[in-house]
Structures are given as structure tokens and as C-alpha cells.
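Taking it in order: structure first as C-alpha cells, then the write-up.
Chain naming follows the written order as A, B, C and D, and within any one chain the residues start at number 1.
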């Protein structure tokens, strides 16, 4: 079977996503990529989490966007994942409608970097995209969702390696990571950060931002070449 | 026994509602309908969820509103359900006092359609009724609750097929669906949408609405004749 | 042993209170009363819930306020319970520091009656007391807490039979009921109502109150002589 | 093995902290101290809670700050703990990024003492530090975090024996106590108090503070020489 290892891993990742409590019903999906094989693997569309199996995960060609070796239709969000894999260096992508991140996406507000919890994961604000125009929604809607994410990072000059999450306006969050499980971890922490930012916006809308040197310190003590957090100093 | 299949289904649906965490104590009820038999079946009034059984579910004539083949009194909200079955094409109805939907009903605010999570289920705002007048409360209160719901959809020009939920002013939500379980799913997602709309009202009261073409896109990719979400394309 | 039945019941009620999630650590207590025997029974002071037993429940004379047949000290809130049993016709009393009711007590705001969920339990706002003066805190603090509750109901003209809950300013809620378990049910629903009122105060501070006839309708369909909710019509 | 009893206790305390739900992923840590042996023991850096063991807890010299008898690196927050043990009389220290306390730290707002729930634990507001300057972050960042906490208590004239918690600006809370488990209890109650204070700030930002004599009454009935709460009157 094509991509059986990746199917197994993406299957487990989708179960792990369901266990986070971030998804409602059949909302949400995880994909993983095998760049050598030129394939992503993603959850089938509209199938409840308890009816999934490794065999039901759907491989899709990174190049053509066509399904490979599966009778099932992939998640309707597949064209969004495709555009992100094409533009960003990542191994896994997660989409949820998690409550607080989605509420900010609906308010068209970024998740502001207001402290070290945020900076431990993301080097700066998690941006929100512009709204899509009528043509972008009418034709190839899901592909345009991916393109507007890429455009957002490019226009704001944000690195998709250092901020691995985005809010799509009036829709919800996408996150990515080294692999599927790293992307899930980013989805989880993004929801926590969104809740904290919402509280901050309400109790102290004009509170000063943390200094850039504090944000960098926390991000780099975990992620930079000089990282000194954890047991595996390089 | 009259309507034994429907009683069994409505019994299971009431347990499923209790398991959602949306109801407190004996609050809340689910009904189902057999339009050929001219009957609805509903939870008995004031009986704790753990004392329910299929036999204790109460059939009521759609025509006369009278109990059929049961010594128990039906939910006090039965006349509301009756009016909804008479006016709307649906197979099941749910009433809860779920926290955030009820808080909006008390604030006399609709659940605004602010994003795709909402549009995946409801094509536009979930409306809130006007308050009932003294005569409507004094006599046949529960029937007038049903009538004011029907009036709200008619006056606002909202389709009860496309928006299958309502907030009754200073009371709480009613939802409906293809069957009892679909109505429960709408009750669950309505509570999520209410929480997200409350957050949005607080952090960005003037945030722009999603464009109508985005709302339609999401609603129709799941519900329209051209639906392409899920495995069963028609 | 004195009051062994009541001790057993109060013991079970304290465990039931702990199971609600409304109390933190050793906070909170339930008492019950045997008016013929002239005794209340209450939780011992500062003992963790998992170290309680029926024998450890402490009987206190309603008349003298003295401990009867126990080596343990009763809850430090006992004098408050005593004053409430002396003034109000009730069989059980509960004190918690439940989060949202306490937050309103700290804000010196009542739990407003904003809908039918509230009116199903309490016929009008749950009032908040005035702050105690220095002399009232210095001497017999816990007794003055009870006296200020009684004063609040008298001065506002609220019936303690129809509104069986109060917020003590900068402290927290007390509830009462027919018996210990009814008082716990009021503590639970009060917390739900406090959460909904907090949301309402934030999203629509000027929303109109429900009409008095709606409040009365709901209260009286459950509690009045003409009650028609539940299976036991009188 | 050096400090094996303390290692065992700190191990159990770290598991207890994880069980509170206050920490996300590998965030958070507990340390304990043996002042006679001149050692603190703390969680290793970046190790998931389910991979901890007593042997993996890391002893550090109070005097030199160097690791003793362990191949593992201690939590990156160790220098903060060291400064607190040097300045404050306490037996255990906890650091979390608990949601509401962290949200207030990000808003640079103290947890205000608004009622008796707070005063039962802390005699007055839980302060928030100033932000660190660039030099303080660049060099010995974690040590400067400890120093700014000590400075905050000194400059505000707050007793670290009576208020055993602090918010570090744009970072999160630290708490301490008689021992590790007392510090955890303070971390838990601080989060509850932060949630209640956030609600109060939103619904009634100008609500009056509780009188000083009420705060003292509650603090001292539990903690002073005249304490009368609990079974062990002194």
C-alpha cells in the first residue's frame, strides 16, 4: 500500500488531535508529508474520528493534487494543506476550529505575543489573514485559503519557520511543525495563548508589549543555535 | 404499545442530551415525531434523566395535543414542540438552558454568524424572539412560546430549514433537525457558537461580518445540491 | 450517639457538596437541622473532605450555640448557620466560595434575575449584603455575617422562602433549602446563574429585565399552589 | 545518593503539580530545599512529567548554584529558585504558566485582594514585578528574574511570609510555602483568585476593596497566633 508508514502516523495523529478536545464532531484534520515520495496523507472528508483507520487515510500527490491509491475523498481542506507544504518547510499540518483561536479569527485579530509562554513557541504575533474576495471563494476556495496564508507571511515579513501558526479570517487556525505531532502541539498551545490574549485584551487593552529582547531570549533559549533548555544542548 | 420504536429512539436521544453536559438537573428535553402516525413523543415532565425508560416516554397527538397511551404527564414544554412540528419540517426538537446560548437569550441578542464554523451549520444569524406579552404568558404560555418562534422566522424572513435554532427571549434555545440526534448536534454546536460570539462581542464588537458569499460557500458545500463535503456526493 | 441520623445525612451531603466541584480544598460546608431536637449538625472545621465520617460531624445546640457530644470543633462558620436557622424556615444550609458567585460578591453585585432559568429556582434577584463594620468583624464576626444576611432580606423586603440564596459582600454565597440536598442544588444552580449573569453584564449591561409576570409564571409553575411542573400535581 | 529523601519528595510534588492541570507540556516546576544540607532539589530541564523519577531530580548547591550528584541539567529556572531561597524563608517553590495568573502577569496587573477567599491565603494583593531591562535579560536572565521578585517585595513593603506568591511581568507566577505541597496549594488557589479578580475587573472595575480589618480577620483566623480555624488551636 502506498505510504503505509505515513498513513499509520497520520492516523495516530488524527486520533491524538481528537483527544485534545480542540475539535468538534468531524471538524479538524491533520496531514503529514513524505517529500521524497511527493505525497501528503490526510484524513478523509467528513468521516467521524472513531471510524478512521490507517487504510482510510488518503494519500495525495504534492505535485498534481490528485488522490493516490484510495477510494475515499480527502478532507475538503486538502488544497489548503497542499499550498502550505509547497510554500513552507514543515512535516505536518493541523487545522482546527478551536474555540478561542477561532473567536479571534472571527474578530480578525492576531494572537498577540504578550509574554514568555507565547515566545517559548512562536517568535512574535500569530497573524490573521485578510478576508478572501468573491472570486477567491467562488473558485478553488480551499486553494485560495492556502494562498492567502502564504501571502500574509510574505507581506508581513513573518518567518513561517519561527511562527508556525496562522488565523484565517472568519474561519480558524492552521498550525504546522516538524511533524504531525509537533503541529498538534502548536495547535494546543495556540488555543491556550488565544485564551490568555483574549483575557488581556479585556482587562488591559493598552498593556505594554514585552520587549523584543525578552521575546527573543525565550524563543532562542528553546529554538536557536544557542538553545539551553532541555537535556540535549547542541 | 403505541409508538414503541419512536419511544425507544426518543429515550436514547434524551440520554444522549444528558451526556452532552448541556442540561442541568431535569432541565431540557428532546422530542421526536412520527408524522404518519400523527404523534410526537417527548420526555415526561420533571423526571430525572437516570429514571427514564422507553416506556416512560410520552406520546402526544400532533392534532389534538392530548397524551396517548401513557399515565405520565409530558414535558411542560410540549405545547411549544407541537407548534414547531406544525410549522416547521423537522423530525426532532431539543430544548436546553445551555449556559452561553441562554446568556445571549437573556441579553436578547442573536447568535451572530461570524464565521465558517457557524455557516457550516446555520445559514445566517440564529435569531432571538421578542418578549411575550402578559396575555401570552398568562394563558397557554408554552403554546405562545412556540407561536412566537414561528412568528420570528416569518417576520425576519429566515428559513427554518436553513437556520434550525432559535433563542427565546429571557428563556433559552430551541433547536431542531432531521431527527432527534441531528437536533442534539445543533444544540451542541449552537452552544459553541454562542461562546465564540460572546467572545467576539467583547474583544471586537465592531468586527466586520463575513461576506455573504463566504457564508453561502460553507453552508452549501455541506448542505446544498452541490455539496462536496463528506464521502457521499450526490 | 446524639443525632446519628442527621450526622449520617449531613456527612453524605458534605461529600455530595465536594463532588459538585464548587469547593476548593477545605472551603465550604453543609449543615442540617433537627428542629425538634433543637440541634444543627455541621462539618468540623478545617478537616479535608476525604477524612470526614458521620461520627466526625458536629452537633451544635440551636439554643445555646454549644457543641453537643463531640470532641471536634465545628466549622468556623457555625454562628452564621445558627442565625440563619433562627430566622429562616429551612432544613439545610450550604456555604461555598464557588467561583462566579464569589466574584459577584466581591464586586458587590446581586445575581440579577434575567430569565426563566433563574425564575425556576428563585423569585427575583439574589441579593448582596452590605459590608460589615469594624465592630461587627472584630467581635462575633461569623454571627454578624448571619445577622447581616437576615437584615438584608428584611430591609429589601425579599422573602427567604422564595429566594433561598444570598451573596455576602466580599465573601461568598450561602444557600438554603428544604433539606441539605435541596440547599446543595441551590448552590449549584446559583453558580450557573452567576456565570450567565456575568456574561449578560458584559455583553449587554442595559438589556431589559424579564417582565415580572414571566418570572412569576416560571416560579409558580414549579413552586406555587398551582404548580404544574413534574409528575406530582397537587 | 545525595538528598534522596528530598529527591523523592520533590518528585512526588512535581507529579502532584502535573495533576493539578496548571501546567502545559513540560512547563512548570517544583523545587524543595534542605537548608541544613545547603541544597535545593529541582526538576530536570525539559523532561516530560511522565518520564520523571526520584533519581532524575537534580540537587543544586544553595551556595554555589552548581549541580551535585546528577548528570542531568536542572530546570532552566533554577537560578530564580536559588535567589528566592536565599531571600525568603520557605521550604518549597513552584513555577507555572497557569492561564489566568499568566494573563494578569501579561497585563502587568496584580491579583487584587478583593475578598475573604484571597485573605484566607494571602494578606493583601499578589504583586506584579517591573519588566526586566535589556542587560538583565541578556546576562543571567533567570537569576535576574529572582532578584526582581525580591526587589518587588522590598520596594512595596510586602512581607514574603504573608504573601507567598508573585506575578513576573510578561512571564507568569511563582509561589512558595512551608514545603513543596504548600507551594502547590498556593499555585492552585492563586489561579482561582486570578480568575475571580479578572471577572471582577470586568464587571465592576471600581468596586470598593474589602476593608483592611476584614482582610486581617480572615488571614489571622487561619494564620496568626490567635488562629481559630481548623482542629489544632495553638
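Please note the rule applied: a contact is a pair of C-beta atoms (placed from the backbone, for glycine too) under 8 Å apart; a residue touches a chain by one contact, two chains touch by 3 or more.
The shown structure was predicted, so the numbers you read here are calculated from the model rather than taken from an experiment.
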Chain located farthest away, centre of chain A as origin (C-alpha): C
Classification of the chain B:chain C interface as same or different, half of numbers criterion: different
Rounded Å distance, chain C centre to chain D centre (Cα mean): 33
Computed distance of Cα centres, chain D from chain B, in Å: 47
In chain A, residues with contacts to at least two other chains: 202
For the chain D and chain A complex, residues of the former touching the latter: 24-27, 44-47, 72-73, 76, 97, 99-100, 102-109, 131-132, 134, 137-138, 141, 170-172, 198, 201-202
Residues of chain D that touch chain C when the two form their complex: 114-117, 120, 185, 188-189, 192, 195-196, 199-200, 202-204, 207-208, 210-211, 213-214, 217, 221, 228-231, 233
